[in-house]
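Shared between the two complexes below is chain A, which pairs with chain B and chain C, respectively.
For the complex of A and B:
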């Protein structure tokens, strides 16, 4: 049975000029797709030919200040061979969009809605690209790095309103340690300190 | 005894007039106290379970803690039939106007218990998504500390609310007459549009 690295190499052979060499870290294999517009082609091949019939997760990273700003991450899994493969693709801030893979794995539908809701990356060809966590009409994308943790004031009559949260002393954060629970529990801590 | 000897007037006296046999079963009280006693011993909750506090609320309703000892076992999932809204959990902004709408649908007299840190102040969620205390949108009678509070704490809050209900001078100021048009700490009015107007007026 083929290993994840072997499957990654096979995927790269099918798209030699589109996929960079696979990297392996702690037993997990990652491929970088150079052109986000061709991600559906790669995914279609991975599903139909290499048996990656399950999309575990679809998420995004905001590398604020870098160019390209967005990184969209696909976690692939094959139930028959049990191998896991990660695809990454960078998306520029001007574009802030790429084609959907919801026609390949239906689970991508809600994942892409969540990425759109929280990060503001649009997926072209998506059947129903509405917000999924915040309400329709909320004007911001709250997981962007330039969105303040305290939030911003909004008002949508009869639907919802938001206010800035008081952040005296910083957000509530836990501390990972073996100390007693009083030392570990969430308290106002300034991340700058 | 020959009943035929009794005149109609003596029979009336015997049946409807002063009867020394029932003297010990009559209780004199004030109307206030009587009505309050009826109210406070059957406070039917509207379980506004929004997060993990609702699990403790369920425990308070189950046999081990048994909220029915205090007359509140009838959880009504309709605001029309409930007296006290127990806000158990994190109130997000997405849910906030729904919570207030349900509060408005409850018939007077009505009370609110804010159960747990999140419902009372927003708790550890100092975030763009969480209302910082349900008292921003509805008037709260009793706050319960804890994350989540144990069922005993909720029962204690219920007993405190019963004491509060028992002190209300309801015949002098019927609650519906003094019900606030503006709700909560920020003096919010009913609709979201009027929230904006209220805020402008305050600024």
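For the complex of A and C:
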């Protein structure tokens, strides 16, 4: 039975100019897809010919301050061979969008709605791209790094409470680094400062 | 260089117009169809799920689940605290099985640290015992509430009597009945109390008696069978494309269980079977949960028998990793030894210094595969922590399977899918 690394190589052979060399960390194989617009092609191939019939998870990372800012992460699993494969693709902030994979795995429908809701990345071709956890009409995307932990005030008082949470300067977490102690002291950290 | 984006801000008037427009979309022009709002506080939604149901006569033609009433921003909170500080938040994901959530989260962080394969054997067995107790507890509630929703109130009373014992075990072990927070990264907070393991073994016999009672009350009960058989059928292909996991996937005939497919802890040393259904209806999902509890009892008995160090830990087996950079050293040593004092100080102020990297770890929880994706840039806090909540994914199939059923079937289907909104909304 093919290992995850072997399957990753096969996927790369099918798209040699599109996928970077596989990396391994803690026994998990990660492939980086260089062009986010072609993620559905790669996923279609992975599902139809390599047997990755389950999309376990679809998540996103905000690398605030870096370019490209967004990272969209797909966790694939094949029931027949039991192997796990991670696909990653970077999306620039100007674009903030990529094609949907909800036609390949139906479960991507809700996952993509959640990514749109929390991060504000749009999925073109999605059948119903609405907010899922926050309420309709909420103006922000709360998992972005430039959204403060305490929240932001909104003028929709009839929908939910809109005041900032009283954090009293918290959360008190330090940062592990070699910087001087004043830079590491436990206090609230906001990337905008 | 990234800049912050300005986001279009819709005023309440526009929002009201938009929701009115979406309501129009649901209605047809002749007025033959009825839109029914179920929830967010309806007894059969087990929490705060809202389902907008469009009906033609008594038949459902469209269903739109509405989530988020219990959204607390757990993933945002996780980015702002150390790995150990987030453990109490995992209690509140699937709040019917907090012990299993604690274990799944600890294992995910341990995988990031690279120590998930080298945990002390006694710690692994204790965690397995906790997971299986949590599974029995969650399934007992799932079955009891399901049966109550379809009209068999007695079952609920039977299963809750057994659940009460599990809560007592949790209190005895961790000090809390619901919010257990039992694991720490690299181990568990404390060893088993004296007499605990023997009582759990006794409980194994008692719960089987209750399960036999439930079996006699439900399995061949014509009312229950008529309300569940051939109702809410999820085919194999549907279950896979919707990413369904746990008992709901196995009810549809797929023999996928993370404990067998990618064994973690000491599951590979334990013998148990994976029950699977054949049709994928509500009745099959009920049967799968029944059998899973019996298998959990089997696992509990084996784990208790093989527990390294025995019930009272006579050989003083460790229940935590002996690494001062991961687990807090014993307090007596902190007060007398310089190295342990430094370890304690670093762990408390900065947290565990995790390497740069990303991991996904999925554990077989009562509701399905609870996964944690951790993206670390190094240091004591995750850069991003995504929770793959099984209830969230399992609910996404509702728009697919509800149409064509009667309103009373919705109660059966919701009960048989057995979801928890604390986990779905995070």
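Everything below uses one rule, namely that the second predicted complex is superposed on the first by the 167 of 193 C-alpha atoms of A that agree within 3 Å, B and C clash if a C-alpha of one lies under 4 Å from a C-alpha of the other, contacts with A are read in each partner's own complex, and residues count from 1 in each chain.
Everything that follows uses one rule, which is that a contact is a pair of C-beta atoms (placed from the backbone, for glycine too) under 8 Å apart; a residue touches a chain by one contact, two chains touch by 3 or more.
As the structure is a prediction and not an experimental result, all values here were calculated from the model.
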Touching partner for A:48 - first (chain B), second (chain C), both, neither
neither
By the touch definition at the top of the document, which applies to A:135: first (chain B), second (chain C), both, or neither?
both
Applying the document's definition of touching, compare chain B and chain C: which contacts more of chain A?
C
Partner chain(s) touched by A:65 [first = chain B, second = chain C, both, neither]:
second
Could you look at A:24 and tell me whether it touches chain B, chain C, both or neither (first, second, both, neither)?
neither
Please indicate which partner A:120 is in contact with in the superposed arrangement: first for chain B, second for chain C, both, or neither.
second
According to the stated criteria, A:149 is in contact with first (chain B), second (chain C), both, or neither; which is it?
both
Go through the superposed model and pick first if A:163 touches only chain B, second if only chain C, both, or neither.
first
Which chain A residues come up in both lists, the one for chain B and the one for chain C?
134-135, 142, 147, 149, 155-156, 158, 171, 186
Chain C-facing residues of chain A, complex:
25-26, 28, 30, 53-57, 59-62, 64-67, 69, 71, 73, 75, 79, 82, 84, 86, 93, 96, 105-107, 109-111, 114, 118, 120, 131-137, 139-143, 146-147, 149, 155-156, 158, 171, 173-177, 184, 186, 189, 192
Quick check: in the complex, which residue numbers of chain A touch chain B?
134-135, 142, 147-152, 155-163, 165-167, 171-172, 186
Please give the residue numbers of chain C that touch chain A in the complex, ascending.
1-5, 7-12, 14-15, 18-19, 67-68, 71, 73, 75-77, 80-82, 85, 111-112, 114, 238, 240-243, 254, 256, 261-262, 349-351, 353, 357-360, 362, 369, 371, 373, 375, 378-381, 383-384, 386, 388, 392-393, 396, 400, 425-426
Using the touch definition from the top, list the residues of chain B that touch chain A in their complex.
93-94, 96-97, 122, 124-130, 132, 191-193, 195-196
